[in-house]
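Here's a structure for you.
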Amino acid sequence: GCNSSTSGGGDSKEADKGGEIKIGANLELSGGVASYGQSIKEGIELAFEEINKEGVNGKKLKLVPYDNKSDAPEAITGATKLTSQDKVAAIIGAATSGNTKAQIEIAQSNKVPLLTPTGTAEDVTFKNGKLNDFVFRTCFIDPFQGTVAANFALNELKVKTAAIFIDSSSDYSKGLAASFKELFTKDGGKIVKEEAYVAKDTDFHAQLTNIKGAKPEFVFIPGYYEEVGLIVKQARELGITAPMMGADGWDSPKLIKLAGKAALNNTFITNHYSSGDSDPKVQEFVKAFKAKYSDKSPDAFNALGYDSAYFIADAIKRAGSADPEKIQKALAETDGLDLVTGKMKLDDKHNPIKSAVILEYVNGEQKFKTKVNP
Amino acid sequence: MKSMKHVKGFWLSIVLAIIFSVVIQFLITGGTLNSFYVNTLFSIGINIILAVSLHLIIGITGQFSIGHAGFLAVGAYASAIITMKLALPFPLALLVGGIAAAFAGLVIGIPTLRLRGDYLAIATLGFGEIMKIVFLNIDYVGGASGMTVSHLTTWPWLMACVLITIVVIINFTNSTHGRACLSIRENEIAADAMGINTTYYKVMAFVIGAFFAGVAGALHAHNFYIIQPANFGFLKSFDILILVVLGGLGSMSGSVIAAILLTIISTFLSNYPEVRMLIYSLVLIVMMLFRPQGLMGTKEFTDLLKIGKGAKGGSQDVNKQTIA
Amino acid sequence: MEQLIQQLVNGISLGSIYALIALGYTMVYGIVKLINFAHGDVFMVGAFIGFYSITVMDLGIFPALLVSMAACALFGVLIERIAYKPLRNATRIAALITAIGVSLFIEYGTIYIRGAQPEAYPDGIVPLKSIDLFGVSISGQSLLILGVAIVLMILLQYIVHKTKIGKAMRAVSHDQDAARLMGINVDNTISATFAIGSALAGAAGVVFGIYYTKIEPLMGIIPGLKAFVAAVLGGIGIIPGAMVGGLLLGVIEALVSAAGFSLWRDGVAFVVLIVILIFRPAGLFGKNVREKV
Amino acid sequence: MSTNKPLLKVDNAGIRFGGLKAVSEVNLELLKGELVGLIGPNGAGKTTFFNLLTGVYVPTEGSILLDGEKLNGMAPHKITKKGISRTFQNIRLFNDLSVLDNVKIAYHTQAKHSIVSSILRLPSHFAGEREMEEKAIDFLKIFNLDDVLYEQAKNLPYGQQRRLEIARALAAGPKLLLLDEPAAGMNPQETEELMNLIALIREKFDLTILLIEHDMNLVMGVCERIYVLDHGQLIAQGTPVEIRNNPKVIEAYLGEEVS
Amino acid sequence: MLKVNDINVYYGNIHALKGVTLEIHPGEIVTLIGANGAGKSTLLKTISGLLKPKSGEILLEDEHVAGKVPQLIVKRGISHVPEGRRVFANMSVEENLELGAYLRKDKNGIREDFEKVYQLFPRLQERRKQLSGTLSGGEQQMLAMGRALMARPRLLLLDEPSMGLAPLLVKTIFRIIEEINQTGTTILLVEQNANMALSIANRAYVIETGKIVAAGTAAELGESDQIRKAYLGGH
């Protein structure tokens, strides 16, 4: 046995020593879903750069990244390190609900705010009638988008039958599907086929053939663009012409490349924002992002990472301190903060109340359809 | 008389280990060790159990099994069900975790252990993946999103499990039963011809190894708050395999040292997330290139201590390196 | 019925990809007896080289394929010389760990250089139409893949069994010193093996990119593993075995998914693997050569 | 001693590999205490015959009886426990283990302590291990290997490796010992020492020995009877003198004159 | 033809050959006898380039070949039939023979040599398509020799060709060695079976723990009491 403790470290919760405020980022930088974590990190870094031009309360934000290797135990090690070793003021992360949930206990017991940009599972912030008061998120929770999609399918597209194709390794996908299904069937629609895949799959022909056989009028695919792009492409190749719909997970310029412009026609998504949105806030973000990352268009992960950074910066500003507990209070009181993905207000379960938009893909462009308020 | 010396060194190590654990316990309760270090210590402990249990299968019995994460998963889930679903006490969960994994070892071992070399490897790897997929598909244990588990793993339990694992495996190895396993590793046909029931001992090593991997699973589940099938894929099995090989195939102290060292390296590298895996992979490659026989070769820690006392021949020529 | 046939077609297309990767895998294994876990990553590198050849260098599909194969061949030889050659006399398990290290290094090296985000192969680079046969749609690309796989299999089988270099490879695989005594340059022969195997992986990468569009730095892990399973299924080291193993695996996966158990797909694939190994411990085509006592 | 009841009785035994009849219709009887030779051209099926006796291969025809008990299809380790043990044509020692451990492993079948007692280090473990160690050391003394007890087997010179293999086979406590070309690779001097050793252990352990060897000095020198195998079939049996002058044997195996 | 001059060879720190010097003239059969582990195989491996001597020189017709790779040495006309046969078990007899001619380009010559080898060893022709791993020991020995002959060597190194062979075959093998020699191939023969070896050799060397301890014509050494006692058995 060795591992001698090198730094004893004081007990004081001073994350703002030396004119810096340390913010941890516990993200999936390697492993299975490395691309999510890396996108979020890019968004955060861009935001920090901007924020640090002025500073927060006269201090600069310093990002302390941690790679949780897309693995829950690693995420815990990371959270432990960030709280006890680096003594950060808050943690941003993780990208997935599972790796976020793994950190909850540590955030709670160390009283350090944990903000997940993209962990959409309902029970991240609120579980068994109990609020995890140190846990926050920047994204919607699943039921909202699922409901919006069901309403849209029934009322706008006027379809009666639908198939659902979910990523069963993702709470996000399952959550959306569940709420979609509930509303869709309640209001008279019929689910004719449910199929599933697992993230990182590349071949969906078998399931799509089954879906085709069930002849649905509408296909709901609440997944992430990496798979959805291929699904849409393969579905069209197999001759599925029905409208398809998904959610914010689709939002990435890569989707268009993966699926192909033609295949994407007659597909819809619900989203936080539209990168084609004329809103100056959005346009500025897109411009800044492209400038920093060699002309790459931002995806939803980039945007949510970016927003998460602003979300925290705002709270620190209002708290007037880098004390994690004060930041936690400020985060909880956020109301009307203007972000790229919409105006931010938290409900009492720490879920953002944001409006959603519905977009349609037309020849590879996102066309704004409607805005839905919660 | 050689074994007598072993016995003395053995008890000495046990006493030292107990003193060490008590000291650490004081440091933890006194708050001198912050939770990051404590967490690292816990990871080390769990990795030691995993490495030592796989050492029995690969290093001693010579069965190339690369699905160890499967047993880890079985132990983790079984124990989590005990505490979280059935609300039974943690010690029972440890035991059940071990037994469930041992049972899995038996079930998979009997048919597959007649395979050899790489075929066995791929079959065990397949087994590990099957376990993962089974848990992925059982909604009772949360499917892909997994199960949240209370933090019940404590330092004394961890240390006790580590010590028991080491003691049992040393005692097993240094007996006629362990030698039977060694003989299988050395030459299975000759072992058979000497009357060793090779199937029995292969399965036995597999079951014992799986049992402790299961115990490690229980400790793992109750240390990391959440278990998900994705934590137990073949890459996790590789991680364990790497510990055993890097330590030196056939050397238990090697496995232990590798578990300690690699966990620390990996923790240290977390300060450099962008290059973490890059450096880790380089460490692996470089270590293998410069010490293909692993850190300890086939020697044990106790052998090193004995060098001064003029060890009786034999073990000197372990670093057999054929000319290039 | 129509659906079943469609599913079989789906499976065969998927299986051809596995087969394509498995061919190189099994060949390297057959000669060097090393489970080259980095094979899947060479496949990934091949896909990226093909991608950049097409998008950045504006090459056509066949030139891109050749560039990718050549670059991967070189890359494979480089890997062998740096990482595996020094371990020729070490235990096989040490070489395996090195292979795992190399695999991780390639994956995270690629991520370090270009990030983890996926990339999409440009659309319509192979102007092949799908064929519709009685409601079963067969994409031209999947036919192409199957064709490429079969041609490469025959070519490989020919190289290994009929040509001089192939015989040298087999001699080296069995006994390096004895091979030296025949005047065979063992180092070059092993390099040739890696070159051919890696070129095949490169080809598979490009074909994969064309067929599935999406490529990313970790894309080699799962197909690599599946290809290895396919190779073992067919009898590792046996070239036609890799082909059959790949197709079988693809069809099994498609059928399992078709039956509505898509989440059990990999599980079933592994169960089939284990069952086959129990009854045929050296794979479908493998001769169970027991050590002569 | 009941001389009329054979220790080993092989009835019409044979095995084929694909189309090749490696051994066929072999009938052979060994009486207790005999030292019998098995000779024949290369590829005649001698080693294969040993493999049949020890369960490495299962005969595709005929039967093998040891003390009246049928061995066909029995697992090799069970056959060893019934009392047949062997050496190998190409030495198969436990290379990385010590000389002492090599022999101890052969004593394993006689171990009385269970896995549990070993894990818990119960007194029966210590007693059992001590007994094994003592027995093994005593035994190695007979083979003059007691000064290399802790040497790894692979580091021994060739001659000692051969002796160790015989020692190990004997430690398994056989009634019938099968030696596959024990003198291969030895020079005439070493071969002679080996002959003496074989004679010695037969006396001392009350063994029946079946011996494959190409060295005619050795075979003719120590064997009481000889069987000759060719193309998988027995072509002759008899005393050394009979065999030496058997025209069939001369033609198939010995060549015109024996040096 | 071949001159080995004061070579030293090590395995790690084991000094296996200690200043060995010997000479082989064209057309001779020279035999090297010695006990187990004396260094006979080591010497052959060093000549054929599998091992590199630490010091000393090996001259093949005035060309330095010590430390050269086997490939070059085979090309210069030395073929080595290694101890334990080392045939390529998973290849057919025919393929093994083809590999023997690996460095040769002359198709016709190779075909002729196939015929020659099959004449010397009719058994090999019978088993042309059989995987060599399933051949019996004697058959494998024939194959190993045939394979070496396929390189059309001028100097053939034979390492214990009679090991494990039936008496009739031993005679056959020795007869064939003489035949090969008569067609003009020089032979260096390592043997345990010293009686036989001396009976066909012109000259002999005796090696003991890495050193040459005696040399002379086969007849001289066969007479020597000391040699008789140590290597030829007390008969």
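Here the chain labels run A, B, C, D and E in written order, and each chain numbers its own residues starting at 1.
Keep this in mind: a contact is a pair of C-beta atoms (placed from the backbone, for glycine too) under 8 Å apart; a residue touches a chain by one contact, two chains touch by 3 or more.
Predicted, not measured: the structure shown is a model, and the values here were computed from it.
*Asks:* Touching both subunit C and subunit D, which chains are there?
*Replies:* B, E
*Asks:* Based on CA centres, what chain would you say lies at the far end from subunit D?
*Replies:* A
*Asks:* Report the inter-chain centroid distance for subunit A and subunit D in whole angstrom, where each centroid is the mean of the CA atoms.
*Replies:* Centre separation, subunit A to subunit D: 72 Å.
*Asks:* Can you compute the centre-to-centre distance for subunit B and subunit E, using the mean CA position of each chain? Integer Å is fine.
*Replies:* Comparing mean C-alpha positions, subunit E is 50 Å from subunit B.
*Asks:* Please compute the C-alpha centroid of subunit B, do the same for subunit C, then give the distance between them in whole Å.
*Replies:* The separation of the two C-alpha centroids amounts to 32 Å.
*Asks:* Centroid from C-alpha atoms only, then distance subunit A to subunit B, rounded to Å. What do you get?
*Replies:* 37
*Asks:* Note the residues in subunit D that touch 2 or more other chains, in rising order.
*Replies:* 56, 88
*Asks:* When you check subunit C against every other chain, which residues touch at least two of them?
*Replies:* 108, 111, 263, 293, in rising order.
*Asks:* Touching at least two other chains at once: which residues of subunit B meet that condition?
*Replies:* Within subunit B, the residues that touch at least two other chains are 136, 189, 274, 277, 321, 323.
*Asks:* Taking the complex as given, what residues does subunit C use to touch subunit A?
*Replies:* So the residues of subunit C touching subunit A come out as 3, 6-7, 10-11, 13-14, 108, 111, 115-120, 122-124, 130, 137, 139, 212-214, 216-219, 222-223, 253-258, 260, 262-263.
*Asks:* Write out the stretch or stretches of subunit D touching subunit B in their complex.
*Replies:* Contacts found on subunit D: 54, 56, 75-77, 80-81, 85-86, 88, 92-98, 101, 104-109, 111, 113, 115, 118-121, 125, 128-129, 132-133, 148-152, 155, 168-169, 172.
*Asks:* Sort out for me which residues of subunit E touch subunit C in the complex.
*Replies:* Residues 48-50, 69-71, 74-75, 79-80, 82, 86-91, 95, 98-100, 102-103, 133-134, 147-148, 151.
*Asks:* Which stretch or stretches of subunit A touch subunit C in the complex?
*Replies:* 29-30, 32, 34-35, 37-39, 168, 195-198, 200, 202-203, 205-207, 209-210, 213, 226, 229-230, 233, 237-239, 254, 257-261
*Asks:* Residue numbers of subunit E touching subunit D in their complex, please.
*Replies:* Listed in rising order, the residues are 35-37, 134-139, 141, 160, 163-171, 192-195, 229-235.
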